[in-house]
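One structure coming up, written as structure tokens, with questions to follow.
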């Protein structure tokens, strides 16, 4: 299904799992490093909603580790023509409240997603119509051949017909998944209990608690004193501490999360590609990432993370070269550098250090950059279309695991996010999306990556790893690059 | 007495109206779009517009203000933007936790500071006094988040005696209570010390001594009762501060309290929840201080009868 | 309660031979930011049972300090007894530990203070404060002590005592508060009552009542009294003997009548002449020139010499001792080198 | 002594002052406490009028009303023929040059944070035309000399002086404005007898030299008897007796006046006989003073 | 007590007196000296070190006290998470903290005392209105203001001063008002009135000086409070921005390294404690000095 994790830590050895704990002790707490404000996956798709929805809902299909679609609520599907996709739905599935699952539920869910006009809805914009032909058949027609459609569908969580249009339903939803929500306090915790009527393999855990802990010390402490069994978001500086704990395994895999820098491409001096390139060449990202993030991140040159399909490294990426950077600046008419600002959100802990390091590098080529930290809400306002900033640093998630999701959303002229426009790129992006054959899409993305490296609308800074520390008693956890894990396979041993 | 309470309540309503208006204006002055926070930076303009309409943010400010005041009067602050449940429900979830914490911190502070203050005042300017006053200044000088983290590392991580996050049982209350009480102990200790010193110079203390009462009795009912009067006032004010100001401690210990709810609702621009939090905190504050003033009258007959 | 002396008007009560209280060479110092002030210097006097001794003098001359020394009420650590003895019932109170002296307070020696409002605890009912000596010192029960308090209140003439006993101090007038203070002081039947300016805060009509109350009580119980005052009239009303103080020393002592009629110290004479009288109406008063000395910076010799119209060289060099000047009757003493030369008796 | 032919300097007629009783919260007036009512008297230039009465009888209230610190509820106050009753603070400013006050408490009535020089010159800061600024120092020294203070001490603070000296500073401050009448609210009550005599003599001398008039308030009858030409006896806010000082002390008419006189402790009670003549009904004051 | 006893007793009294007297002076002088040293350090040290808070030296991160950095210098107090010299950073932080404290106290003190004077002097509806506003301010969580100002005006030292001033004026207003109410009926204020003094004269020449002693005492204690509040603003993400380190923000950033690099947060914490202790002791000593009842002791 997905990449197997949970044993890549060096000190872990091959643990011979102890005996399973009895069922009434199968209670696991997973500490999250991100907030949970709402559970509605149709509105937005932040980490928390996706994590929770993955375990409470089912989707029609899921993507495996090689981004290949696999059946879930849909037992099979066929492209009856290049723009028509027909699903056969699984029978005998019920929601956790006992209502049976039918194609009407799928249709109602589509209605909801489209009505919410969220980002996923824009991904669904190619869908021209959808019909519930009979209780077990669901058909989607698109306006053009779409290679990414199944990827998008892997993120559509199927809700209940009749109630799917109500906000209150999604605030504490009922799904067909292996777990049921029993308690939710925003930004504090979500408690899931096993769905004993689940159609598939029933979950091993009796209860699963997602606990929001934003303080780094408290997170590790919870792991140390038994307050939690699994902890996400171990920072680089905490890794030695975690490694020292004898009953804990530390695991890392690449994720779909990455951190990037944007220029405001239509604002001087960033409207000059030489300036943008100079700022890139000034950065010794290798050193910054190694020193500050260590194993928790890898440098990148593309604008989306290499774990995702199509996110290939450009062949022409500028190298760290302060001398050349100075030269480029002089050519662009800034022999003595200039002053500018860099904007970031205080919600992103750890950015302070990275930004200070980058500012130091830029100072070496004569560019003075003032840091400007904003409260998350203000930051969002600044980066929402049309962006109001000189430079920003932010992180993002290629949710679908496909380059199209990130690149086609942010960099076409129509996106108006960072004042960047290149019609050649637009054409390539459209072409890549229209291509269903993965092998044919790959070279297109190589071209796209090269154009982006040439134009430097932004800089890919680093790809974040998933850094999870878990007690050795936790078994069966498969880490995935999306950070949404299927907890139904997890169980606790003595 | 009843008339006094009624008049105080009238004033309290005025104060709460002021707080309500201020919070209403302030949350709306803060730039940022609540819709954007719900839907994320990638949301489409259509989605944002629809959200704003749903949240009632497309209405004129005056209409919003009218609705807010009208609702607030009946305890209905509208739904949380993010969670789509009544804002009041969220507060009801966390307020008792914070209240419990605040009460415990007050009790702990009083229990510690009375003997310390007394001891210091009895040995004024001596080594004990110096130790107590310097110690109290010392604990007050440490930022609470620092103490919080240190306690967390020592008692939770290293010694594994106490849990570090959440509120599952009484053990979760210990560390936050200590952190909240520490600066309070310092303030109270010094207040009690200074109050006692002041009172010990009063004529009635001389009278009590001249009656031949032992020093214990001179201090115990005579001095303490008089010195307690300003202490009660401070406890009232501090209790209010504890409610609203526990955000830092609650964050360190991931404690589900109203301080954290207020901070996150502000960060999320969840106007209704923020407004409700501020008003509830203000209401508790005003109420506590009313109670304090009544207690004050109870402790000091001159106040009650001179009303 | 002692009944040694026969009832009668206090000033004429015959003193028994052995003094009840004997203060000998009492010296008290206060340490202040500016230096050490000697508030009392070799002060000696005696009080006999049934007798009233007045201590007279201007503000700051050390009157209250005497009272505080006897009652072990000197503010700690600023003030301390550095010399002399306070003999009471064969014990030296100056050498006893504070708790030991406190044992005597209330039962043997009691005290009332100048300001009756600040001397009552504002937060307790007067009944409770009155009952305290009974409960804490005699171990009486609540009810019994309360009944005793009520009796006391009636005795000092608080009208409507049954209801007023539940009131708080601020609900009483100044005169009434002072009566309550007196009630509290006489509760345990002390043998000696020290009244530190008991009427200074009261106006004349009330003062009169309080003074006669004190006189009546004294007549009834035969207790001795030290009346501290700066009012020559009040002293004459109440006391038989008086000690005049100046800058921490007793400068003259004797019977009130003899002292007023034939002062043996220029200071006493000056005081008496400063008072407006029949003869001065419309004319000028004869004040003592200058002002009282600073205790931290006393003049050499007689402390009064800079203000004294008769000061001779000797007065500036040598501190005069208390003595009976020739032609003055025995028991009348003054600390002046030149009493005989400048003042006359008879 | 000036007699009634000439116009009085100060005329007070039917003065009534009530202090409002306010609710503690909304500051609404919920009642009034009548402190004095129907008080009528004159002060002629160069005359001393005494005001006696027990504590709380309204003596200070009369003084405060006359000098304009409280607004009368009824009655007329005329100064040199001008009705100053309804004067605003601004209008009163001119009157205050001619009418000054000396307070009871020499400790509380001097701003502890000002030097003697500043205290005395404070009035000139308010009334800028009296003494030009460059002569302040010299004038202050003159005044200090006048009231018997060492002019070298002009840079000292009040706490560095004794009670009698402080009261002299208070008098110098009042004199600085060159008033015609000084209201003395118990100026010697807080002083020891020896110092009291000095201050009384000073007041006497100043009156002779400068032709000042005094409204002299005291509860000490012997002082009033010594100093005053005419006396008003105040009881519960009413004037119960008024007239020539000697007359009243020798032949008190009102029962209250008699009680008051009888309560005064006599320095030499053994000379009681002499006093009997003055107090024909010298009985104990009964319970008059008690409320 | 025997006749020979007095001599040692005199000495004991004098000694105690001298010690007490010295006590008060020492308790005023020593804190002032300590504060002075920190102020001088805060001005001089960052200059000497040519300290740039944004200068990262990634090879010398998290080095313990006494380490030689990659640049060749010795970091006597170690380095922080980006390799800055901690000593220089602490001193620069003290500079920011002191600035915030002083500026806040001046602004809120001036406004608060002024309003307190107005309320106390004029009384009536003005007093009632101002005191209700004060109540509103007290009942209002200051974190809200902090977030407002941080979002509208951005993060910055100036904005923190604004926030803290707004939430601190009430203390001064209340102290000044209660003091004025006490002074108002003092005879010396009446005396000024009888001179014909106007409102301005009464408020600023007569009442204001009388308020200053308690205001100064309150100021010293508020100073500590302000610096600590600034630190918690850092904790909540609305404190001083990156590039202007305050003591509070340094301590906060260091808490994440408490278990691995204790010095980052502990050393500035110690400096903060020393500073607070100095102010606290100074405040208490001033209180003792201004309190006539304790003066003679």
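Order of writing sets the chain letters: A, B, C, D and E. Residues in each chain are counted from 1.
FYI, contacts are C-beta pairs under 8 Å (C-beta built on N, C-alpha and C of every residue); 3 or more make two chains touch, one makes a residue touch a chain.
What you see is a predicted model, and the numbers here were worked out from it, not measured in a lab.
Participant: If you walk touching chains, what's the least steps from chain A to chain D?
Facilitator: 2
Participant: Which neighbours does chain A have in common with chain B?
Facilitator: Expected: E.
Participant: Count the touching C-beta pairs: is B-E or A-E ahead?
Facilitator: B-E
Participant: Could you tell me the distance, in whole angstrom, between the mean C-alpha positions of chain B and chain D?
Facilitator: Once rounded, the distance between the two centres reads 53 Å.
Participant: Distance between chain A and chain C based on Cα centroids, please, to the nearest Å.
Facilitator: 91
Participant: Using Cα averages as centroids, what's the distance between chain C and chain E in whole Å?
Facilitator: 50
Participant: Which residues does chain A have that touch at least 2 chains other than itself?
Facilitator: 217, 220, 347, 375, 377-378
Participant: Which residues belonging to chain C are in contact with no fewer than two other chains?
Facilitator: Touching at least two other chains: 75.
Participant: Specify, in ascending order, the residues of chain D that touch 2 or more different other chains.
Facilitator: Answer for chain D, listing residues that touch two or more other chains: 26.
Participant: Write out the stretch or stretches of chain D touching chain E in their complex.
Facilitator: Going through chain D, the ones touching chain E are 26-27, 64, 67-69, 89, 92-94, 96-97, 100-101, 103-105, 108-114, 122-123, 125-127, 170, 173, 177.
Participant: Taking the touch rule as given, give the residues of chain D at its contact with chain C in the complex, in rising order.
Facilitator: 54-55, 162-165, 192-198, 200-201, 204, 219, 221-223, 225-227, 246, 259-260, 262-270, 274, 284-285, 287-291
Participant: Could you pull out which chain C residues touch chain B in their complex?
Facilitator: My answer: residues 71-73, 75, 99, 102-107, 110-111, 113, 115, 118-124, 132-133, 136-137, 168, 170-171, 181, 184-185, 187-188.
Participant: Which residues of chain B touch chain C once you look at their complex with the stated criterion?
Facilitator: Within the complex, chain B contacts chain C at residues 201-204, 206-215, 217, 221-222, 225-226, 229, 299-302, 305-306.
Participant: What does chain B use to touch chain E in their complex?
Facilitator: Of all residues in chain B, those touching chain E are 11, 14-16, 18-19, 22-23, 26-27, 29-32, 124-125, 133-134, 137-138, 140-146, 149-150, 153, 157, 190, 194, 197-198, 201, 237, 240, 244-245, 247-248, 251, 262-263, 266-267, 274, 278, 281-282, 285-286.
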